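The two complexes that follow have subunit A in common; it is paired with subunit B in the first and with subunit C in the second.
On to the complex of A and B.
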């Protein structure tokens, strides 16, 4: 009974990616060419890719700084006995992110904050925060309590226990959270575009090759291919680092 | 912190504003909302698209999960890997891949109308993996003897599946459907490249934000959606927690 879906996967997932590959390695006349890639690896475009990597990195760092304390407090059974509180933090994820951005923009309007780099970062971090909280929370909940108790018995204070026992044990959660924030924010273009003034990132550049002034499917496909390679790389790292951590799908689907 | 922007949005949608300053209470945004034909069409489109693609995804996903469950290990591995592609891939790449596929199909003489057809195909394909991942674990928990018994009692495999297996999977199918629906609702990037002339809420709001044509009635619509979806999610989750509690009590007594 899985056969129809196998066909569906080939036709609508594998073949399209292959077509992207074909576009990436041809010129507009249809002949084989590396022009798509050479125009991606120019100084200007690489600068934009670098800018995007920086933007995603900052987003990830902000998310981590905000998410870790929240996850830490929520993983304490005293505060979050039934697990309802964590739900409240993750629920907004289920609302269309453009509506959430509309809300964030309304807040900025309310306080008279103009658009720019910092507002874009804040909006982006707000958008992806649940993806950071959830995996850290899960890892923290799964830490064997006897380990921290042992640490306390052996004379370590709570601060020392946190830095020497809890924090190292939660690294897998932090890593999978970081990847789940870093990767999507790298290719997102709507948030930086709407909240950041004149902020041009890699996602928008791809978008521009398909819808917009620059229209060139070949260059756009070459850029998509670069994006695909980055996704593949991060997935490879993620798989290496934590086999036991649930994948993105489980994290996204965990609520229902 | 997570809800502050939503709260501000609701306050804004309920007030009279002049040059961005709040001057009083008003429900005008809400009555404007229902009078805005374009906005209402976008909302309707989004829900129709979500329901149709989620229904298709649930159908395909459930049968695939059953097939996957009964498959040999090697085949299962390959299919599971394929199942992950769209889940981990960047949305923009998936969206563009669909777009180029439809361009290609038109070039070779298969005319796929831009709009509803492309949107439904794209959203169904990207949500099926989530349905499979929801149904599969439930399938593993089921008692295989019940299905076997149906076969022994003379039901054909098809009849046994529809009459015995599917009713047992109903909860998981419903969860998969809800997940697929919300994912379709949440999507912007894939719709952007495959929407043809069909506007969804995301593409509509994006357009409004881009062109600075933001009206307070859009805020009203967002506020209303926020409240409805949050209420729905909280109810579902509370119900789940409540059932779990009863289950736990029940298990406790047995021991």
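On to the complex of A and C.
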């Protein structure tokens, strides 16, 4: 029964990863070499990687700052009786993202905002917003109402109840939302290309190695490999943190 | 100052959700240091009442007073009451110690006065760390969890969680402790243990307890006062003994303990007709010939030899089970199957006679004697009530007349298939009354049909309600 899946897995996951690995550890003549990696770990490329990390970080922070209040309000049944409102916020997720970004660009053009770092950041945050709203929203909805009641019962007003009960209990949602935003935005290349003008990020650089002007599969693969390692690392850290949170709400609300 | 103070007063409180009345105009006062239990089946409004005292719900109408102060609109965090929740509601992100310290860390206590421009301003301060430490440890000790302070609450058993929840509430020294079915999730042995502990805590602390449960045994064991509720209304409030010995109506009698509930006719003072036998009783003052409900507890019936001259009602033993202290027997008589507890055993099949002392026979007025609905004559031969048209003899009335439609209990017919009835309803209650079942059928329109039927109906069954046209009697409303 599992055979077709195994075949799919091998063809579409293991083999491509292996190809990336092969390219990363070979030179253009096909011989074994670390050249790919040494050219990744140059000052210039590391600076761009750092820039990418910062860009992803800011995207995540903006998403969090915007998404948490929205999710908090929507998790209150009074405002979101039928769940239609949350749907409205998540709806753009199902539109092709290129279309979304072009739309954002048009909006910036319309208001005469020149492209650059800030518009790219705004576009990127807009792009990933639903991925932050959804897990936080689910976690908040799953918090037992009697916990906030217990807090009020013990003398905490609504502000204190929020900071002492609701916020700590929504950490798993915030974490999984942050991963959902941070990781894909780290490798994004279309957003900076479309909205960033001269903004150069790591993802775009990889893109450049494969279909762009640079055309060096070995360096591109080595860079992809570094990126993969980073993604894996951030996932590992997030996992550790949420485990430390002690099975709060039994990791409810995560997207996986 | 009165010696016995009223700590809580509930005045004409009603609560409606989306037009449905959950609590219906209740009045209740609770004395200081009393252990009061709100008892009733689920949906009777007991939890809603408790939540209104805690402040989680606001009454639709009426006022609630705590210590003489109107707290109806006071938010929960400013009320001097604490709650033990049904499912504990412990904070999963805090350990046992911090759960218990939660309220203490927020609390402000009076700390002397300061004189400013001739005015005395009361000062407040928070508890110090060592004060909190002392109180939390004392609370942990009280519930027998001394060494559990650093434990993760998720690692505790149900009983331990419940203890933490109780400690968390009591550590704040509330004026009133509210407990919402706190033992509902525990197994029987643990329940019994916790009941005793709660009782002794109540005794030692001198705090008023308000306890919500659907378990009548628990209510009788724990409380000073039991408040029996049904359909959002208080049926009876009194000491456990009073509730048990003198239930206010057949409903209370049926809900509290086992009982034989029969219909009878009041002959004259101190005499009642029970299954065709004239039986002496201690009640007086009912109308002669009035239909009454009669409650007899199983332990108040004595089983005698068939020819014993003291015997009142002849019967035959159907079953006989040894229950340790006594035998539990069912005795079939003409018209009713009695449940009896007696120390004298009779074999199943034995011909016997039953005796009951006059003071064991408890007589209650029937709460209703007829179904009565406000209705409108909608056409010739048709009357409408509960938004449903019923065929009926409308001679002497005109269309548009506002009338009262009355239907005797035994004239309402129930049908298995809803479509066979004129309207539909759900079986809300069924009480065996000796020769028939007194069935209550709830409709969608907030009013119920009361039906006497020889057939047994299952609770919550959907049924059709049928009434023959000639069985509906009408009366012009203004005549009243």
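The rule we apply is simple: the second predicted complex is superposed on the first by the 237 of 256 C-alpha atoms of A that agree within 3 Å, B and C clash if a C-alpha of one lies under 4 Å from a C-alpha of the other, contacts with A are read in each partner's own complex, and residues count from 1 in each chain.
Please note the rule applied: contacts are C-beta pairs under 8 Å (C-beta built on N, C-alpha and C of every residue); 3 or more make two chains touch, one makes a residue touch a chain.
Please read these numbers as outputs of a predicted model, since none were measured by experiment.
When the shared chain is aligned, subunit C comes close enough to touch A:165, but subunit B does not.
By the touch criterion defined above, A:65 lies against neither subunit B nor subunit C after alignment on the C-alpha atoms of chain A.
Legend: residue contacts after superposition of the two complexes on their common chain; A:146 is shown touching subunit C, with no touch to subunit B. After overlaying the two complexes on the shared chain, residue contacts for A:47 are found with neither subunit B nor subunit C.
Judged by the number of subunit A residues each one touches, B leads among subunit B and subunit C. Once chain A of one complex is fitted onto chain A of the other, the partner contacts of A:118 are absent, as it touches neither subunit B nor subunit C.
In the superposition on chain A, A:156 contacts subunit C only, with no contact to subunit B. Shared contact residues of subunit A with subunit B and subunit C: 247-249. Residue ranges on subunit A touching subunit C, taken from their complex, read 144, 146-147, 149-157, 160, 164-165, 168-169, 245-249. Of all residues in subunit A, only 1-6, 8-9, 12-17, 19-20, 23, 82-84, 87-89, 91-92, 94-107, 109-110, 126, 129, 183-184, 186-187, 189-190, 193-194, 203, 206-207, 210-211, 217, 220-221, 224, 227-228, 231, 235, 247-250, 252-253, 255-256 touch subunit B in the complex they form. In the complex of the two chains, the subunit B residues touching subunit A come out as 2-6, 8-9, 12, 20, 60-61, 63-64, 66-68, 70-71, 75, 79, 82-93, 96-101, 103-104, 121, 125, 128-130, 133-134, 175-176, 178-179, 182-183, 185-186, 188-189, 192-193, 201-202, 205-206, 209-210, 214, 218-219, 222, 225-226, 229-230, 233-234, 236-238, 241. Residues 54-56, 75-77, 81-83, 85-87, 89-93, 102-103, 106-107, 152, 154, 168-169, 172 of subunit C touch subunit A in their complex.
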